[in-house]
Amino acid sequence: MKKIKVVTIGGGSSYTPELVEGFILRHRELPISELWLVDIEEGREKLEIVGALAKRMVEEAGVNMTIHLSYDRKEALKDADYVTTQMRVGQLQARILDERIPISHGMIGQETNGAGGMFKAFRTIPVILEIVKDMEELCPDAWLINFTNPAGMVTEAVLRYTNFKKVIGLCNVPFDMKHTFADMLELDPEEISMELSGVNHHVFVTDVYHKGASILDKVIDKYTEESEKALAMKNFEALSYSPEFLRGLGAIPCPYHNYYYFTEEQLNTQLEEFKTGTVRGEVVKKLEDELFELYKDQSLKVKPKQLEQRGGAHYSDAACSLIHSIHNNSCDIQYVNVRNNGAITNLPLDSAIEVACVITSDGPKPIAVGELNPKINGTIQTIKSFERMVCEAAVTGDYDLAVTALSSNPLCPSDALANRVVSELMEAHKDFLPQFHN
Amino acid sequence: MKKIKVVTIGGGSSYTPELVEGFILRHRELPISELWLVDIEEGREKLEIVGALAKRMVEEAGVNMTIHLSYDRKEALKDADYVTTQMRVGQLQARILDERIPISHGMIGQETNGAGGMFKAFRTIPVILEIVKDMEELCPDAWLINFTNPAGMVTEAVLRYTNFKKVIGLCNVPFDMKHTFADMLELDPEEISMELSGVNHHVFVTDVYHKGASILDKVIDKYTEESEKALAMKNFEALSYSPEFLRGLGAIPCPYHNYYYFTEEQLNTQLEEFKTGTVRGEVVKKLEDELFELYKDQSLKVKPKQLEQRGGAHYSDAACSLIHSIHNNSCDIQYVNVRNNGAITNLPLDSAIEVACVITSDGPKPIAVGELNPKINGTIQTIKSFERMVCEAAVTGDYDLAVTALSSNPLCPSDALANRVVSELMEAHKDFLPQFHN
Amino acid sequence: MKKIKVVTIGGGSSYTPELVEGFILRHRELPISELWLVDIEEGREKLEIVGALAKRMVEEAGVNMTIHLSYDRKEALKDADYVTTQMRVGQLQARILDERIPISHGMIGQETNGAGGMFKAFRTIPVILEIVKDMEELCPDAWLINFTNPAGMVTEAVLRYTNFKKVIGLCNVPFDMKHTFADMLELDPEEISMELSGVNHHVFVTDVYHKGASILDKVIDKYTEESEKALAMKNFEALSYSPEFLRGLGAIPCPYHNYYYFTEEQLNTQLEEFKTGTVRGEVVKKLEDELFELYKDQSLKVKPKQLEQRGGAHYSDAACSLIHSIHNNSCDIQYVNVRNNGAITNLPLDSAIEVACVITSDGPKPIAVGELNPKINGTIQTIKSFERMVCEAAVTGDYDLAVTALSSNPLCPSDALANRVVSELMEAHKDFLPQFHN
Amino acid sequence: MKKIKVVTIGGGSSYTPELVEGFILRHRELPISELWLVDIEEGREKLEIVGALAKRMVEEAGVNMTIHLSYDRKEALKDADYVTTQMRVGQLQARILDERIPISHGMIGQETNGAGGMFKAFRTIPVILEIVKDMEELCPDAWLINFTNPAGMVTEAVLRYTNFKKVIGLCNVPFDMKHTFADMLELDPEEISMELSGVNHHVFVTDVYHKGASILDKVIDKYTEESEKALAMKNFEALSYSPEFLRGLGAIPCPYHNYYYFTEEQLNTQLEEFKTGTVRGEVVKKLEDELFELYKDQSLKVKPKQLEQRGGAHYSDAACSLIHSIHNNSCDIQYVNVRNNGAITNLPLDSAIEVACVITSDGPKPIAVGELNPKINGTIQTIKSFERMVCEAAVTGDYDLAVTALSSNPLCPSDALANRVVSELMEAHKDFLPQFHN
């Protein structure tokens, strides 16, 4: 039987135990023989802690999967079957800057949206493009499954600036939405399927089916009744939409849309957090420190419950599930980021979109949804256009384009502010942005 | 448990035993409680023979499914869950005219292509549109699964000239191609999947996967080596393509393409059959008479082997398989005719295409294949444009448009001939073409 | 020689003298024989003043064109060749509400953008659709040239909700931009041509040519140097873009974009105007009162200079120029609002766009510009989607859709505010919005 | 005043006197100072004859334009403003082979269609791509105006395989159609304009306007009455379409469509010509010899009438007219081959199409015509797809693709024949097809 080799770049992440658990639970049908956890030297301490936990988990479960720790990406990638990427260039400290600097100028500061998302893309894309170059040389048939944010832009960059086709961007938002609907209506999530349209972190559910019948109207009704529950996110608090708006929209926005429809209110919350040193990055840093303390405990041999507090919970599980379906040609439907290929007719053929796909051994195949309804078209186009500008600037190091991109973002209230915020973040992240500083 | 009611229009067809067998074999997972076989008065004799056999088959198998015979379509359609259509307007006599009249003018005469296909569409489309009207009234949530030929044009007409969305066109060609590839390469057909592009009876396989790896090149090589076997069809003999052509094409044409790439040679064969009274319709008529003789035998309680000699074998099985997957939300991939919805970006959004779909309880969802390669684009566009003209003429009764449509078809050698053949067929089928004769 | 009959609906407008002057100046090549000025009873006083002036102007010029005043639209439309529409449903009082109510909630209040533009569309579209119905009956071959704002949405509504094809939406913004470029670079405006992309009041100049050579870079440089001058508008003060933004954009935004890129700053200005009773509608009302005082002067026999202070100057001149080119098949390039027809590939085929057209006797033919660059795509898509929702709500009277539409507009800071502003404007304009109040 | 330098590659052509006459007649508004006639050594005799005539013509007319003869392309191209290409790679002898070889196999043999057109493209495209390379170096701002056939494919190749944008393909067919309509209806051709859709030598006139009113129905009626006259071509005899076909089509096919709708009949004519040594190339060779005899006459100082007998008459005049309009920014409508840019929505954005354009100093701008009607879509798509395959094969030297391309052409009756004809032509033209023979 063919052995399966998985390589996880950014292996020292606090999410790794979820990934390891996912592979253990699926081991019978997805017999991974080697899991390589790769990190950079600066991450050695974390990788050793997490790697040791991973080894204990595997031993405890009694599955036949060896864990390798490595600081040499090339060595690890050789003959890989699946490569997952979950690294964080600049670590949490960079995230905190992505959040605090925009907020200090009265602009939303968020990890994957607006100015923060743009700079995370600027730091991450060059690294991903190098990983792809290595993969083309060392494991050209492997799948690249990225869950480093901003996952949509990272996927876009690989599709547009390389010839590598086997890339999939992953997000837990669609998974969470499906489970939210199920909870609200007291249904089995396994019996629910959704029609999605949009791009990562900016996706709308345009229909919901239960056993083949549309239950969209019921979901909309529920949302207008108990939206606090419906919109619950771990990393920020969402405000309730008016019933008029939701009925007029005829679709369910993803949680991140709250930043766009409640910009002012969300900014006020962030300004409070800014003052008290509790912007999300700061909170997460604390959570993470606590997690690593837990992970050090030699008696811990399973994924600790506390990990589920993180906003990214289910990300790793989604990756395991995706790999499982590719390996087994499961032909089930999952919601991932792939090349459009015409599935949404008014977005570019060659752009990344987030959409329902059938997962085959030849990868995810997007299901055609046709033309975007005007009710959701404008905002999706705006974000996709923003993403394309960000990707181009990330590759070319064009400062002016970075300013134009941010000015075009709905979270940016003015051109002048765009210029100031770009300028300050550019300086703050200087070490990770060589393309802009030559 | 919810009961399932299936209605089969054209129930007196010789194919019905395959359908009944298909439902019997799947009864555990697809517990059909009522199967209504509907026909017109002129078909009473046949329906009674076939209906009696169906009842014996069900009894023999011991499944809990009642067989109803009916000559009242409206009575039958009430509260149906699935409606299959397999009627033949004008019966086999009309088919023989569709074949002999064009051949007599030196033009290919074929049931689903060229002049013959056009007139079959002219007879069938008005009837299908009436059935849809009845369904909208009596069973608006039922699926219409059509396998009356020309299945592509019938689907196109329903999509374009009604507001009824739940229509699926079915064909055995993709199924047969998959099995041919498996046979040639000695592989399990279950492990093979295909990428299809095109329209019914004019579809190309643009990729073939075995366990996730493309085996298209191997299939092309095999085709150039042993194409007689590869191209075997029950209803006509296909000629071998040159290796240069197939390699240049980089795709596998469906068997019916042989009429287009070998027009002259196929015409010569038909001229021979014309002289000897063995055009396909005449051969089939004989086969069918023999089948009905068999069916009368009270001791026959299963589908007779001889039925598999017909060109349409597997059609009914495909229908059972499709209904099964919808009912169970199987999410498997089947190859059917549905609304494009952008899956092929350079065909109209609202036209019928034949393509790989994932079959959900919400029906088949086409998988996006992107833009047609120029190597196959021209001929597919030509046939889709022909189909749209034919559908429009079928609905409006526009004689001039019928001439223009036929002139545009690659099987028609000249404008003048188009006019003569249309004129003669129009007269020959007068009774079934009221839209052209008012 | 064929006589030419022009009908101007909203003939009592203060702009009418410009129109009359335009026809007088072009009379040799555009020999209009009858100009009908039509208004409603409420506008009788104004129409009589303006009509009398028009008659004096014609007499003074000695051209052979009779002026008819009418309060019966149907009588006037009979056998018209050109119909221009410049009426203001609800008059200036309604405009003042369109501006003051949003501002009172902290949202931009503007005649053609955001909440104000939406309600102007709600009042105007039903009236325009009735005019089209009359034209279909009384002068089906006439051209409808609309310069009632929001001209883009009005054109969209006619294209999408009627079968009438001969509609053109007119705006003075492209004309003014061309003249601004010429002034800045000290060139003859006649030697300048532009490539435009977008929708009315949301258009970008994507290239500027002088004698066949692109001078876009020079224009951008000039803009960054002396943008106060460049952006001068009569109806609001525009702020200067940063050089980084403009260079990154690689295009020139139209003046109205200033509301989108400087939302906060523009809002602050409006809040001041709100307090002092000098929102634009209030200023214009005063200007208009003064103009009508002037018009009453029996010795005035030409268009008074003061009319050029209005923001809409050149609108009427553009209409004259357009009619002249249609009548003479001039084949010159003008910038108007027409059916897209594929000229901008990623906007709907059947939507109105503002673009360079060649003006033939068969009307304006849009010049194909291809795909929108991501730098301008997002914002144009957002506004076009907003426009389509507004048009649909204007026709159906769907309150929820009005809320969703406004929420989607970049000038609206939040969903909750959208609901409040829609609700208040809906009540304020009750008399002119029967479609929402049944 | 800026001097204008025009370079004509293939200057020794018998058409050159028409070009020279065209420039003389327009000299006041298009003051060309230098006309360089360039040819290869093998063409020295012809160039000297034609060049001497050109000099006599200019002298006789008394215009200030110097004629230069050159055998060094690079020397000539330096600082050119306009480059016209009219060379014939392989000379008339190659054309005769392009015609005779297919006919000998029972396939239409024609200079610009089918197998003949394909091989003319194979010989010409590599040379044109070299000319473009030289232009990029020596006169990057010059316009390339090509009238070497197959003009559509040559334009496609430049657009698709170079970064050079300033290319225009020219044909006399639209010009001739317009004049035919005018003649038939006894109207002034200057007052007629047409809507065109399609590709070079495969274009349909989809509407005809006289003073702004559609006269398409009248044109169709006339065509059905006196189509012999209507379809008159100098290089082949066209057969009459049936009234039913034309009415059904609702458009006017260009003369070359006759080969497609009357393939059999046209082939029979060609078989006769084949036997008598009078295929078109052979006839033309004789005509051309006679023309050169005339040109030698030192007393001849104007374009001789006999030149108008050639099928290509008006080609050169069209080039002069185009250059005139670019130079003067005339903004008149001409029918040329340019990048689609979305003007025809269901053809590729980046392909060459033949369409009505407005001619500005920035070149021809295609007027958007929207989606192709199914009545003409199929055949246009087929030819465009054929052209794209031919261009790809011309550049890559892919023999298999050449076979697939020819098999896809409606003039080719079968795959087997395609292979034989390609093989024989490939050998016959060996010296001019290095890309296929390495």
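Here the chain labels run A, B, C and D in written order, and each chain numbers its own residues starting at 1.
Everything below uses one rule, namely that contacts are C-beta pairs under 8 Å (C-beta built on N, C-alpha and C of every residue); 3 or more make two chains touch, one makes a residue touch a chain.
According to UniProt, the chain labels map to these proteins: A, B, C, D = 6-phospho-beta-glucosidase.
Keep in mind the model is a prediction, meaning the values are calculated, not measured.
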{"item": "Reference chain A (6-phospho-beta-glucosidase); chain at largest CA-centroid distance", "value": "D"}
{"item": "Interface with more contacting C-beta pairs, comparing A-C to C-D", "value": "A-C"}
{"item": "Chain centre separation in whole Å, for chain D (6-phospho-beta-glucosidase) relative to chain C (6-phospho-beta-glucosidase) (CA means)", "value": "44"}
{"item": "Junction residues of chain A (6-phospho-beta-glucosidase), two or more chains touched", "value": "none"}
{"item": "Contact pairs between chains, per stated definition", "value": "A-B, A-C, B-D, C-D"}
{"item": "Contact footprint of chain B (6-phospho-beta-glucosidase) on chain A (6-phospho-beta-glucosidase) as seen in their complex", "value": "193, 209, 211-212, 214, 326, 329, 331-333, 340-345, 349, 356, 358, 360-363, 365-371"}
{"item": "Residues on chain B (6-phospho-beta-glucosidase) engaged by chain D (6-phospho-beta-glucosidase) in the complex (per definition of touch)", "value": "241-242, 244-245, 247-249, 261-265, 346, 374-375, 377-379, 381-386, 388-389, 398-405, 407-408, 410, 413-416, 418-419"}
